[in-house]
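Here the structure is laid out as structure tokens; the discussion comes afterwards.
Chain nomenclature is as follows: A, B, C, D, E and F, assigned in order of appearance, with residue numbering initiated at 1 for each chain independently.
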Amino acid sequence: MIINNETRANILIDSLPYIQKYNGKIVVVKYGGNAMTDEKLKQAVMSDIVLLTLVGIKIVLVHGGGPEINDMLKRIGKKSEFINGLRYTDEETVDVVQMVLAGKVNKDLVSLLHRNKGKALGLCGLDGNMIVCEQLDKSFGFVGEIKKINSDIINNTLDNGYIPVISTVGTDEKGQVYNINADTAAARIAAELGAENLILMTDIKGLLENKDDETTLIKSVGVSEVPYLKKQGIIQGGMIPKIDCCVEAVRRGVKKSIIIDGRIPHSILIELFTSEGAGTMIS
Amino acid sequence: MIINNETRANILIDSLPYIQKYNGKIVVVKYGGNAMTDEKLKQAVMSDIVLLTLVGIKIVLVHGGGPEINDMLKRIGKKSEFINGLRYTDEETVDVVQMVLAGKVNKDLVSLLHRNKGKALGLCGLDGNMIVCEQLDKSFGFVGEIKKINSDIINNTLDNGYIPVISTVGTDEKGQVYNINADTAAARIAAELGAENLILMTDIKGLLENKDDETTLIKSVGVSEVPYLKKQGIIQGGMIPKIDCCVEAVRRGVKKSIIIDGRIPHSILIELFTSEGAGTMIS
Amino acid sequence: MIINNETRANILIDSLPYIQKYNGKIVVVKYGGNAMTDEKLKQAVMSDIVLLTLVGIKIVLVHGGGPEINDMLKRIGKKSEFINGLRYTDEETVDVVQMVLAGKVNKDLVSLLHRNKGKALGLCGLDGNMIVCEQLDKSFGFVGEIKKINSDIINNTLDNGYIPVISTVGTDEKGQVYNINADTAAARIAAELGAENLILMTDIKGLLENKDDETTLIKSVGVSEVPYLKKQGIIQGGMIPKIDCCVEAVRRGVKKSIIIDGRIPHSILIELFTSEGAGTMIS
Amino acid sequence: MIINNETRANILIDSLPYIQKYNGKIVVVKYGGNAMTDEKLKQAVMSDIVLLTLVGIKIVLVHGGGPEINDMLKRIGKKSEFINGLRYTDEETVDVVQMVLAGKVNKDLVSLLHRNKGKALGLCGLDGNMIVCEQLDKSFGFVGEIKKINSDIINNTLDNGYIPVISTVGTDEKGQVYNINADTAAARIAAELGAENLILMTDIKGLLENKDDETTLIKSVGVSEVPYLKKQGIIQGGMIPKIDCCVEAVRRGVKKSIIIDGRIPHSILIELFTSEGAGTMIS
Amino acid sequence: MIINNETRANILIDSLPYIQKYNGKIVVVKYGGNAMTDEKLKQAVMSDIVLLTLVGIKIVLVHGGGPEINDMLKRIGKKSEFINGLRYTDEETVDVVQMVLAGKVNKDLVSLLHRNKGKALGLCGLDGNMIVCEQLDKSFGFVGEIKKINSDIINNTLDNGYIPVISTVGTDEKGQVYNINADTAAARIAAELGAENLILMTDIKGLLENKDDETTLIKSVGVSEVPYLKKQGIIQGGMIPKIDCCVEAVRRGVKKSIIIDGRIPHSILIELFTSEGAGTMIS
Amino acid sequence: MIINNETRANILIDSLPYIQKYNGKIVVVKYGGNAMTDEKLKQAVMSDIVLLTLVGIKIVLVHGGGPEINDMLKRIGKKSEFINGLRYTDEETVDVVQMVLAGKVNKDLVSLLHRNKGKALGLCGLDGNMIVCEQLDKSFGFVGEIKKINSDIINNTLDNGYIPVISTVGTDEKGQVYNINADTAAARIAAELGAENLILMTDIKGLLENKDDETTLIKSVGVSEVPYLKKQGIIQGGMIPKIDCCVEAVRRGVKKSIIIDGRIPHSILIELFTSEGAGTMIS
């Protein structure tokens, strides 16, 4: 489709009220899934983030990295084990998690943002003692439950003009490292920063009335409707912890949590800069 | 034409390198002609300016107001006289010019920017002793030639987060008010502020190789080519003072001066945010 | 009278406690009447204001401009109409009011302050959306009632070291311009700025016990005495709205409101810098 | 003489150009002689200084204290000895000098300025290592010659809004204390601070053409004329070191040095705020 | 004893938790007794203070000077009189007190700190109107009771990077000077500054269970135990006012007051940087 | 050895001139060898760094991690290859290097500093585009040669009060990651930051006259003596690149480079805080 300059200008102008709305606000993006593995989608996310930063929105990028962790564990001949959907994390595994997330995935994202003329700084929960946690349950090994977020280092990073890119490992008071669920960490960080929005990128359309029919997308859910929707079985399976994170963030003061479809290019931009948005909003 | 969200996002992303280029820079826009009388064009200019401000570009708006002055002079029963294209300005006329420009045109623009959620402040050359001038030539009456621009008040306005909207009347040391050509004033202000660009909005396509054929637009002219183009008669008539302003600004340190076609909606945005630009650039 | 240097020095020293008292404080002066039309009085006011600014008092100058408006209306062949002392303001009139106040009277004062080595900036209620109003009553046309004062732009102006000179036109949310009574606007601005004093310059001696005898000046009135004085007929006629403005300002937190006699040269200085003051104080 | 309010106001207005001239500038006053012993004169100096501070002039007060030192020496049964007009200063004497100047004279002035609603801080050359000196000549004992002025502590005092009151004792690198001539110290401090004026208060009218005739006051002397005036015997006796201090200050960058008659009340104010000034100016 | 470098390093490392504890905190030291007269002890105190300042602790030094005052009174042939342990202070005595404390003792300490590469500023209660007092009781003459501490000047001094050295004379509203007990003044200053610690240097071991046996040192006393200890006669004699000062400071918000033995070199450092401390702590 | 408190205090006081010397200065420490693998030495280094930070020295910690890299390569079944002492670095190896250094070694050090009550932030050359490099030589694979150090992010980290801990991987303009020699990177970073000292921790005593006799330590070498010492064979083998780094840093403006023996506990503290120092100094 050839688009002439006047149309281009009109489209830019259409974004004006959204830029005004988010100017100076913090938006925490949990980055993961296809959007992180597909090269084209990845590039789209990077340019979205650089653009949003330039128009005065403070983006905090929290990432996961399951596939890279699995891959590395395989290379050292270790099998990934999962208990109720949570990775069983022994001493050796938590070392690999830290190394892969904070050393590889994180720093590669930082580098990619610089290739897109952004400025970024890679952090993990150990920097500035950012994520303080304790063991969730002995049966999962070194999986952590967040006790406290020290957000100073994130705010300093934003104030210095860098995009904070965050790996979700944390430590307890003795310095033991724990693996932490990235959705949960993103929700807690968003709350601690007083973020405007929490955006969770997933590989689904959003919450569906009928989980087999993408046309039945539920665009907006109130926090108070969640128990009913769970009872109805509409919120079910993998959707439960996602929605719970969203609810947790809203309860702690974040204005809106949104589950968006990371398989669509520029879904973050579409969510923030169009009236329709892109997925299911919890508020 | 229906444009889907992905296309919208791509168009926003296309603007990224331009936003990066102009971020934190000053652009002086001389606003006049049809873009100021046609309501639709006017609205487009206002939203362009608010958008540019939001993405970190410091816009300074310098305006004329010939038609409104003529209209007011007619209402008080005074005929507009012109000598070599310059308005003959007696005591009574210079009063009307000041009143119409600084009191009506200027403040209406300020109000319109606020209606578009911008923040603006209306200045004239008397505020902060901004434009110091003396009489250009007795035969024109109170038409002023600029001696000095005190740009502190403009910089303060930008630093406080307001768009400066400027009427081009000035005073000499005794406080006598003079009418000043808005193109010239815009060029001098741009130079004094160390602006990145000076944009002159006109009612023509730009500089044309053949003045009767809009397809012969000359997109770019070097300062050194100007004398030759004058000799060739390509720069002629009303184009001569416009091009001279552009050259003056570039000579005093402005990176680029551009003559754009104000009859096209969003021509400022098109000029700054597309690779083709919109008119004739002097650099 | 020849005054020797020692006497001069003593007089300067006499002003010391007053300078200490007002140092760093805001004083809003409503400027109008003879003090604005008589050239000698006008010059005295300008030098008073520049002096007060230099000794660390933050003067905000709010002005009217009835005679200039009447004159301009006459020149365009329009008759001034008054209903209950308020100018009936149709569309054409409000345009003239804005033009004359914000473009002529205001900027001429700014220029005059600069001739006296002050630094000034001319504002009207449209700048920075300062005066937000709505229609007072349909029968008066576009006469506005103040809903909100956005004082940021005034504080910025003071912080940048300029004397704010303010024309009292305002807008409603749709951008319709209204004429606003300058006394009322001065009172509201003084309250919003947390001013120390509101000074209303008038063409009378002050509040008189016997309105025909200037020796019966009442020097000080408590806010609570006002209803009684109205009932007694001592506050009557044109004095009623003046006193009401003073009371309104005091009620909203201004320390003192003073009605002074603008026909006396340097009455502002005399009010602020002598023990007797110059007129009637409401506190 | 009864002075009406209008005359008072006119006199205040007359000071306007002088306030504008000195606003934000540093003026170093060497305080001594009758102005320091006569209670009425003393009070006049204090109120002058507080007033000047309030109108934005940064006063630095350097004081002597010969009579108080003599008095104290007498009380401990020690005779004051002078060699070529300089006090012979043995170990015991320098102790008394330090004690009397920095402990008594200095702090009493600080207290007096506070009684006049000023804010002051008493310093001596030992504070912040302000005056670094070495022995002038063994024959005078502990009389110091200035090697370096560390003016940071004075600038900090001014920036914090206090009037610095300075006693002129200094130390060498080993911490030995020296008595330092107050005129000389004032001149060097003025130079180091980049002061606008150095004012030396004395008990004479100024430099006289005929030393026995006060009507022959020389109002202004150029630095280059000084050698000739010395040769002529017009600059002679105690006037020589005073004029030399003035010349030294001007040579090191102070705009004007002035010798004023401290016997006249408010002579500082008269010097700074009238066109005639009060004494002899060296520039 | 020869100490190798590794041992030295270990000792430095041992101080780490103490430096962390006091970093950025204010500690007020009342300096007096042997530590002020013995040259070796004096030098140890000076280097302690400079070191503590360098590691980020804000030391405020409050000093007495009894012996120097007695000595000076003797030299002018005046006998020191004491009533209930308080010096009877007539007009002449208070003059000497001010002179000796603020002019000699104070400035000599300032100079000594500079010799140790510290930066210091000598203040007394007259500077910045710091200590406001009134007469304690006519029978003692000009002995003052503190009414108010204006701590701005102390905070400014700390912020500018200087060690404040304070003589404890004060004034009443009329400017009459009073002699003030240094322990009391230190306690009030500590309270006003929100100090972490108040340290009183004395010539005793601390509070002793048996006053004749230094091995019976009481290391820590709670504020609530004080009345009982007084009743038991354990707190008795000269210890009573010292302990009262400590209690007063703690009651007004100081974390801990400590009475230390100034006869031991580096007792301040030992108190702050070892686990045992050095004396009796009241908290 | 039992050390009494007075001796402790004296040792603290001995450090005073060194603290004064380095206060506010930057010291870059290249951390490696035994000091990084031996737990006791490691703990000593961490406490040294936290102490130095607390006394106002700005430590920048640059680390290597050869053993951990070798270990990881072994776990994924890859053999470490070295060409002329440089690791041959293929695509897979550079990935492991980045992951182990930036993800594991770096963040573990950050965590350990926090356990010691320090505040730290882990950076690598990708953060803020800090280390820009290109391929050194194809034969080594992805081993980089530094082209540019962007030190903004390090300065921001210091200004925010965190100890920067730096892994030495870098990128070229296309984002290809390279392994960079840590000694070289430390030297370049020290130069770019204008550091006072560069300290290289090694597993040798320093430069020895006779390499087999530790008593022949050369304490100080001038940059100009280096060529001669190389010719003499005194600088030889692994010492050559170390000394070259030191020379490079000094040439680029670092005051002193020091090779210290990391096998001695607290060698950094001994180097900075004793007169003997600890190794060989190049200046």
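In this section, a residue touches a chain if its C-beta (ideal position, glycine included) is under 8 Å from a C-beta of that chain, and two chains touch if they have at least 3 such contacts.
Bear in mind that the values here come from a model prediction, so they are computed numbers and not experimental data.
A.B. asks: Would you mind naming the chains that touch subunit A and likewise touch subunit E?
C.D. replies: Common contact partners of subunit A and subunit E, which must touch each of the two, are F.
A.B. asks: Using the average of all C-alpha atoms in each chain as its centre, how far is it in Å between subunit D and subunit E?
C.D. replies: 36
A.B. asks: Distance from the CA centroid of subunit C to that of subunit E, rounded to the nearest Å?
C.D. replies: Centre-to-centre distance between subunit C and subunit E: 57 Å.
A.B. asks: Listing for subunit A: what residues touch at least two other chains?
C.D. replies: As it turns out, subunit A has no residue touching two or more other chains.
A.B. asks: Could you tell me which shape the graph of touching chains takes: line, ring, star, complete or other?
C.D. replies: Basically the chains close up into a ring.
A.B. asks: Output the ring sequence of chains, start subunit C, direction subunit D.
C.D. replies: Order round the ring from subunit C, first step to subunit D: C, D, E, F, A, B.
A.B. asks: In the complex of these two chains, what residues of subunit E are touching subunit D?
C.D. replies: 72, 75-76, 95, 98-104, 106-108, 110-112, 114-115, 119-124, 126-129, 153, 156, 160, 162, 169, 171, 174-175, 177
A.B. asks: List the residues on subunit D that touch subunit C in their complex, please.
C.D. replies: So the residues of subunit D in touch with subunit C come to 1, 3, 5-17, 19-20, 23, 44, 47-48, 50-51, 54-56, 117, 264-266, 269-270, 273-274, 276, 278.
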